[in-house]
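A short worksheet on the structure shown next.
To keep things simple, chains are lettered A, B and C as they appear, and every chain counts its residues starting from 1.
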Amino acid sequence: MWRPIFALIRKELIAVFRDARSRLVLVVPPLIQLLVFGYAATFDLNHVPIAVFDPDHGQASRELVARFAGSPTFSVRKVLDSESQGSALLDARAVQMVLVIDPRFTRDLYQHRSAPVRLVVDGRNSNTALLIEGYANTILSGFALRWTAAHGGPPPAAMLDIATRYNPALLSRWFIVPGVIALLTQVVVLLVVGLSVAREREMGTFDQLLVTPLRPIDLLLGKGLPGVLIGLVEASVITVAATVWFKIPFRGEIGALYLGLLLFVIAITGLGLAVSALAATQQQALLGAFLFMVPSVILSGFATPIANMPRWVQWLTFANPMRYVLVIVRGVFLEGTGYSALASQYWPMAVIGLVTLIAAAWLFRKRTV
Amino acid sequence: MPPPTDAEPALRLADVRHRFRSGPRDVAALAGVSATAMRGTVTGLIGPDGAGKTTLMRLVAGLLRLQSGRVEVLGIDVGRDPLAVQARLGYMPQRFGLYEDLTVQENLDLYADLQDVPPAERRARYAQLLPLTGLGPFTKRLAGRLSGGMKQKLGLACTLLHPPEFLLLDEPTVGVDPVSRRELWRIIEHLTRESRTTVLFSTAYLDEAERCDQVILIHEGRLLGAGTPAAFTAEIAGRSFLASAGLGRRELQARLSAAPGILDAVIQGDRVRIVTASTGTAASADWSRAAPGLSLTPTPPRFEDSFVAKLRGIARANEPPLPPASPTATPVATAPPPPVTTGSTPGGTPEEPVIVVEHLTRRFGPFVAVRDVSFAVGRGEIFGLLGANGAGKSTTFRMLCGLLPASAGRLRVAGFDLRTAAATARARIGYMAQRFSLYADLSVRQNLRFFSSAYRLSGARQIARIDWAVGEFDLAAVLDATARDLALGYKQRLALACALMHEPQILFLDEPTSGVDPLARREFWRRINALAESGVTVLVTTHFMEEAEYCDRLIIMASGRVLADGTPASIKASARRDDRPDPTLEDAFIAMIDAAGTEVAA
Amino acid sequence: MSAATTRRIALIRKEFLQIARDPSALAIAFLLPAMLLLIFGYGVSLDARNVPVAIVVDHPDALTASFTGRFAQSAYFRPRAYLTIQSAERAMAANRVTAIVWLRSDFTRGAETTGAAPIGVLVNGVDANDARLVEGYVQQLWAGWLEDRARADGRAASLPITVEPRVRFNPAVSSKDYLVPGLIAMIMTLTGALLTALVIAREWERGTMEGLMVTRVRIGEILTAKLVPYFVLGIGGMSASVALAVFVFGVPLRGSLWVLTATSALFMLAALGMGLLISGVARNQFVAGQIAIIATFLPAFMLSGFVFDIDSMPRAVRLVTHLVAARYFVAILQSVFLAGDVWSVILPNAAALAVMAAIFLGLARMTARKRLD
């Protein structure tokens, strides 16, 4: 009973690799997305252009400005003669922050009085604004502590001793690139599986298949397994690229990763088959896949944390297989999370996979035999 | 520009060549075509699919860059000034650019605007065209909801809104029912008579050549001949006969087509039409040996006879002479071994019908695609479902194969309803889908291997069947070619081979010969006949009326209804009239429609 | 009315009729934008709120309570008490908390005698952006605590510097306020480039282009007839998005509507130019869709400054962003919505848009031929 299924799988794989369009779908978008996400998608701030207004010209203020200028995060573009110049630069997006130092800054410091510093940040991109503020605060408190140590004065009662787990340099890339494994696997599996039945419908070969003694379950397996296979291969290639090219640490067990990927690919294959069974043409399948993909990526925690979403949206994400696999991929890569800790992520995907496959089988029956 | 005289040709083609890339291959679509068409005439551009007709049409319309040679339309060099030509010609492409989501009226208005028809003139033009095309009652209908024939008539109407001096029609009659076809021709004839328009009309239907004033015959990008239809048939005058003998017509046809000196043998009614290599019946002794009791009646030659004679001439000149199909026995010997039958007695006399259809009805929403259809097919019969696109034959066909549930009625194929029967029941049937649906990305070998596995063949049997297919269908040379790149004739053979891998008892063929050239079509029917002789039941759909001649029995469908049921001879006999003593099936079809008084096209 | 005008109007009318009757065009023009707006308006937020934090206090007393109490009051944190640092670390490993704040047993003594008592803060850095924001919030909270304590003790502030942060244009620093305006650029890219490319590819597929080609229509007329309806559709989509942004999502619109409309028109022309250019290359919908998504939509999303800061990208990528029309439009959108009519932003970016529109439309016109090959 397995022979016809193997024949189907063989045929499916040959068809995918011999068709120029399918090869294109397998190679080009993943490559472009890996590059774009690996290099362009970053929340890390570098060379943030800032302007400085320092009417104090004292020793302390110059030291403070030097600290900003020496930081890789900031680059001082302009030293201002008036504060209003700063507003204009900010408006024109020439700089993203203006550091305004009080005229009595150095004097206040020597007299152990609180010396005010003002940070004016461009809030048009609120995330960047918050990050800039955070970086500037770190520099300012570092300066303050050094000053206190060097020039005397009462130390603060308590000090923060911040350490970061798993991603000590806080590189966005470590967060984004493992996510790309899930993202690209989803794109490729959805397109390959989603288009396969529609393509056969367009070419007329689907009728041909239906009049053979193949049963619906044979068709389902024959159509689904190639997707699972291609998805796993694609995921493996990107995993290698992530560790070798982007140097993302891999701290967990490979088996824990693959168990997650397998369940994920099965769930997506089920979805792809359902889309495929519903679509009459490749165009419709493409549109259907796109309509599913956009929200599923955005509401997965891929770029923005699910915890920040409103409660009802968070409920929606429980139906999204990508949400689980992202936790698994990042956990295994960066935190070295093991099987037992990931169990709560594995089983929902298994349930989604089961439901989508049953739905696909039902739709296959309904639409065809 | 001085008004040109009628003596000047409207179209002059001089050594036109055109190549284009198709995947990895460089294809010569046209390999040096020279011809002319006179003003005010209807010129038929005739050849099978892939002959280069559409490429030539597009070159004449200035839609393709001329690569080599010269095209002159109404005295203008198309290569130099395509816009000037386009302003004076009308062109109806094969899939005419009707906007399917616009209504008939909206399409007409759009093309009237695009062709600068002034509003005042427009009303008169509509008043003339709408009755002529019979579109009057349907102006508010979406073009996508029209039947094939109506779409073509609307396309023609849109092209004719601004009466062109030169009209290009690319296969306007493909898939159109005989009634609409007749109407299209009436419009064209009306047009040429009224306004002396020159028409270039391309078609794959050879019988339409006889309606043209002149014919340009092309095959595989080469000019086979040009002239009046009469000139073509005159070349083979005295070489066409109707043969009969004390044999079954299929048997007779098989023997005669293998006999030396006979270029063509096709079934026509109860007899076999042959075309001989030379005039007279000098070799008739040989033929009589092949078919004892042979009697020949001379018959006027048809255009198709001359085309096949020309093609055979080329085939013989280009290739080493083919050995006769099989020197000792009849071609039947090459048929597959008798299928594994379940219980029914061998022999070929139908006792228990293999396919039974009773009161079959299929609705799509309010639309009734198939209405109360009943028929029965016996074992070893070739049964035809005839009708135009949209007549309901494909729907009936799909229901029989279990691809579509019936809304009402009963159907049995080899005792099963394939829709509800176990999957293994489908092992009894072979199915060849429309357009020869193969896996285009797989090679010939991979296709054969896949379909044999899908039919659950394995081990030695699978290898033996693949070897059989390769040998029987002459596929050895193309075994590793990708199916997409195959010539249409090969595709058709491969599709049939795939459908026969598991030696089915029943064979379903959906439009099995559309587009292939007459030689490939003959080859195909030779195989089907052999299969039927060996006891395989064949159900075939076609919109080629002349192909119905191959069927033992057939039904003619229109608008989902059965119009007629019987043998080709009985159906033709029903249309016999004093002024038409020897009607064709097409005549019979039209007569039936007229009699039924139904609006087929609607 | 000249014949050419009649032809243009006829084609434009046809295009509108088709849009109105084609469900897939309507899906791309309306359903997809609505979905994007809803997701971005409601679903996507970069602002860390209610971050779960494990609080471990070895020796609870009044001083530690004054510090940890601030976490409970903050909108940014959702503190959870853990008895031991080990249990807190387990919670972090299981992703139940994002950060741990640990006040060791000698905290109060250290703070009251030598000062500089350490507050252990451990952040899960997997989501680097989130981690940074959390660190920033903790710092703010700490500085505020120090200041209050100093004031309570009647001393000068215990840090020698006081920082007054001031976020201009978006004082509430809500990410919705910058994501939703940027989204308008995405939506217009969808209608301008993707839909236009698909619609023209469909005309090739269905053979209607061939039908048009043989009439007296000039290729320029076909192009303008495609431009006008999709331009109107795009501007319509823009207006609907602006209305939704302002009235439903409460994003401020500080600039003037006419600037918004004028620059949108420029961007729409550039997007249409890209769509026409793609349709000249790709004559079936599948290929056209792929190219449009990869060449227009993806860059508009990733390389426009819509989500990711362009200044922080590597130099090579930064150079590439100059070829992305959406980059200029996103800059204008964020300014016009949140800052007002800032001419120093609007003029150079609008000029860049005009240049890109001219180049794309010019290329589309030059490459279009009234021929099938």
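Assume a contact is a pair of C-beta atoms (placed from the backbone, for glycine too) under 8 Å apart; a residue touches a chain by one contact, two chains touch by 3 or more.
Since we're looking at a predicted model, the values are computed, not measured.
*Asks:* For this assembly, give the contact graph shape among line, ring, star, complete and other.
*Replies:* complete
*Asks:* Can you check which chain pair, A-C or A-B, has more C-beta pairs in contact?
*Replies:* A-C
*Asks:* With centres defined as the mean C-alpha position, give me the chain A-chain B separation in Å.
*Replies:* 56
*Asks:* What whole-number Å value describes the gap between the mean CA coordinates of chain A and chain C?
*Replies:* 15
*Asks:* Can you list the residues on chain B that touch chain A in the complex?
*Replies:* Where chain B meets chain A, its residues are 398, 401-403, 418-419, 423-427, 429, 431, 433-435, 437-442, 446, 449-451, 453-456, 458, 482, 498, 508.
*Asks:* Using the touch rule from the top, collect the residues of chain B that touch chain C in their complex.
*Replies:* 20, 58, 61-65, 82-83, 86-87, 89-91, 93-102, 106, 109-111, 113-116, 158
*Asks:* Please name which positions on chain A make contact with chain B in the complex.
*Replies:* 3-4, 6-8, 10-11, 14-15, 18-19, 203-205, 207-215, 368-369
*Asks:* Could you please specify the touching residues of chain C with respect to chain A in the complex?
*Replies:* On the chain C side, the touching residues are 24, 27-28, 31-32, 35-36, 39-40, 42-52, 67, 92-95, 98, 107, 110-112, 114-133, 135-136, 138-140, 142-143, 145-146, 149, 155-171, 173-175, 177-178, 285-287, 289-290, 293-294, 298, 302-303, 305, 307-309, 311-314, 316-317, 331, 334-335, 338-339, 342, 344-345.
*Asks:* Once bound in the complex, which stretches of chain A touch chain C?
*Replies:* So the residues of chain A in touch with chain C come to 21, 24-25, 28-29, 32-33, 36-37, 39-49, 88, 90-94, 96, 108-109, 112-131, 133-134, 136-138, 140-141, 143-144, 147-148, 153-168, 170-172, 174-175, 282-284, 286-287, 290-291, 294-295, 298-299, 303-305, 307-310, 313, 327, 330-331, 334-335, 337, 341.
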